[in-house]
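Encoded as structure tokens, the structure appears first; notes follow it.
Chains here go by letter, A, B and C, matching the order in which they are written, and residues are numbered from 1 within each.
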Amino acid sequence: MISLNRRKALALMGGTVAAAGLSTPALSQVRKITVGALRFTSHSASFIALQRDYFKEAGLDVELKFFQAATPMAVAIASGDVDYAVTAMSGGLVSLADKGAIKIIGGALSEEAGIDGQKYLVSDAAFQAGVTSPAMLDGKSYGITSAGSSFHYMGSKLAQKEGISMSFKPLQKVGAIIGALKSGQIDAWSIVPHIAKPLAGSGAVHIIGNVSDVLPDYQVTTVFTSAKNAADERGMTGDFLAGFSKGVSDYNSTMIDRAHGDDGVNEMVDLIHKYVYADRPREKAAKSIINGTMRLNEGAAMNTASLQDQLSWFQSEGLVGGDITLDTVVDSSYVKTLG
Amino acid sequence: MDIRLSGVSHRYDQTEVLRDISLEIPSGKIVCIVGPSGCGKSTLLRLIGGLEQPSAGEILQVGTPPTDCLNPLTYVFQDFALLPWRTVHGNISLVLEDHGIPSQDADDIIQNVLARTKLSDFAKALPKQLSGGMKQRVAIARALAVNPAVMLMDEPLSALDSQTRELLMDDLVNLWTRTPFTAVYVTHNLAEAVRLGHSIVVMSRRPGEIREIVHLDQPLEQRGLGNVEMEEKQKYLWQLMREEAQAADAELIHV
Amino acid sequence: MSDQVNTFTIRPVPFRGGGFAPSSRRWVGLVVFVVLIALAEMGTRQGWISALTLPKPSDVLKTFGELYSTGLLWKHLSVSLSRLIVGAALGASVGIAVGVMIGLFSYVRAGLVPLVAALFPIPKIALLPLFVIWFGIDEGSKYALIAFGTFTPTVVATYGAVDNVDRGLIRMGQSFNLSWWSIVRKIVLPGAMPGILSGLRISLAIAIILLVAAEMLGAEYGIGAYILEAGSLYDLERLFAGVTILSILGVTLSTCIGLIERRLLRWRV
């Protein structure tokens, strides 16, 4: 399999050299890898790193593979079809890590005080009935994709903080949750801002709180790979994180710190628009992309305190084995750890 | 109660099945109808019983059926038509249930007809446990239970083997001798016809017309096996039918 | 020459009638099960089946035991069974009623057969979001999905069964002047019963499949919800425990129908 990859890589390298003439510096070894992604703004770092050749500079020939949901992507990592991907640390991810299939090697998206993050939403019906703050959600129903998902975690943590109890309704898909929330079948939910804001704008739902108030420094998504890559392919993994981090860096400085002004933002929106909301016109997509901006972890640093909290929560809910330690799930040797 | 047919004709779409049948079925007699296959004798029986309406002509009931008669025109079918999910007793009670008869009276009727057909010991048996002959005796018992004015018997013995047929013919003769009933008996078997019929209607091939009506005067109980007079009659009937049967057979092949 | 042949080739006629006569070998099915499970257990213990591929059968059993001892088994099973019973009873009874009507009345047949044919191939799971809006996210939509899923096959089986009732028996009923209602009740319905019951076998299997689908949306408890949760957590032990429960449920239902058949259809040859 490796020889095949190498042969492919050589062929590809030949092609690149031929196309670019002799200006491309000769690369000693180009590895062909597959990176899994969802068409979400939070995956922008991978898009940027690919488009701006940061992966190539790190000696990696990256092919993006798109998924509809985080679950099949995690399975693809476990089966070796995908090398690296970004997703939330769900109960499923922990379970796969416990089976020795995957490892979290870095952080991607995190909540940060002062930056617009994920929102708690309520349905219009509940809002009209007087539920205008998270504390009033006692006895209400809360939409989640499935037990052990990030939605479940955010809802449960909210209930814990406010000292209330809610019933969690597994609805499998984000689309189904949105439908149920709009029609008042469920009362509350939490979601990233670029989905929350347009929904609230339509009047069908209302934003009643920020996730960062409940979970400051919440490590929302992580970079993960197969346990084999993490242990045996340290060079390649380091290269990937290096390329990825450059993408992160560009994203943060342009979209959050606005280091390159509006032009910079526009240019980056164009880049991201190739992957996210590609079916929508540029103007509409731009709004959503800008709305969805959240800080990505510089240098793919990860907040292990948050990850530990998430793991402990999974265990307290009986969703994963009680004997799993954070070391089983996380390989913290690659990036800086926070918290 | 008599039955009178006058000028009855019947057709299915383009096919003429029966042509100008006029016939008298007198009370207390068995009228056999014989004819080659496809001559419309079963259709004729369905017309007499009101399961079908003739295209032309009329079928009349002459006189009124006795007051205790629950179903004046009652069929006995070739395939017995017993409900397989009901016992012998249940199959007979089926035809009494719609008449609001008190259950004690109904039970008496059932006991009576079972005794007459020698089935008293099998009241609780299911049809699948019975031989073909027994099944037809149940069907006859069921027909007797409604005390019919006329029994319409459609090849009742044709599905049975020849020994059983002999036994059942004896049974029918005994039944009739004890309490004469009126019957129209359709068959293609000439031996049955000469054994059971007071008169025998011979029909031509399609479209069915009456060729001849043969009257037999010898009492039923005297027409045992090997009766010379009966043999003669049967031979005569066969001569009448032979050509028709041959033609009908050829016709079927050419269709 | 014939003499020679006769003197030299005296032998028994070779037997050629073997095979093609299935006979009851109950234990073979059990042996297949036991061997497969034993293989899985051995493989997972010795490591030539990875933990990602299959859970240890003994672990599945342990999970099952935990489920039982914590009382969660009953909690999951009771809600699932009530969904199954209400939904399937609703779908099957309406299905039988509509099927009998189609079998008896030409206008109903002309009007409904095309409709049923149009409804039959719709994957009922696809309609789940619609049902949630129509019947609510709680039990209503789950009952509706299972009922709808059992309805169409029951209708088709029932009117087929009514069509197949021996016309001779109906004619017999008419010849004895039985009332229309008597003929339907005493001849058509019992006569259609074998077909209806075998249709019910299929409908109930579909009901179990749809149970899992119904519990995709908004179910906290239930075997289907348990399986889906296990799937999203990659918890293969729970997944297999849940699937095993479904299989047992299926076998139990099938056995029940078998018993009912044996009781109701004793009259069959």
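In this text, a contact is a pair of C-beta atoms (placed from the backbone, for glycine too) under 8 Å apart; a residue touches a chain by one contact, two chains touch by 3 or more.
For reference, the UniProt names are A = ABC transporter substrate-binding protein; B = Nitrate ABC transporter ATP-binding protein; C = ABC transporter permease.
Note that the coordinates shown come from a computational prediction; the quantities given were computed from them, not determined experimentally.
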Touch-based graph of the chains, sorted into line, ring, star, complete or other: line
Most centrally placed chain - per-chain CA mean versus overall CA mean: C
Distance between chain centroids, defined by C-alpha means - chain A, chain C (Å): 42
Centre-to-centre distance between chain B and chain A (centres being mean Cα positions), rounded to whole Å: 87
Centre distance in Å when chain B and chain C are each reduced to the mean of their C-alpha atoms: 47
Touching two or more other chains - residues of chain C: none
Sites on chain A touched by chain C in the complex: 71, 74-75, 78, 90-92, 95-96, 99-101, 141, 145-149, 167-172, 176, 179-180, 183, 185-186, 319-320
Partner chain A, residues of chain C touching it in the complex: 51-52, 129, 132-133, 136-137, 216-220, 225, 228-229, 232-235
Residue numbers on chain C that touch chain B, as the complex places them: 166, 168-169, 171-172, 174-179, 182, 186-187, 190-191, 193, 265-269
Residues of chain B that touch chain C when the two form their complex: 49, 51, 70-71, 73-75, 77, 79, 81, 83-86, 94-95, 97-98, 126-128, 142, 146
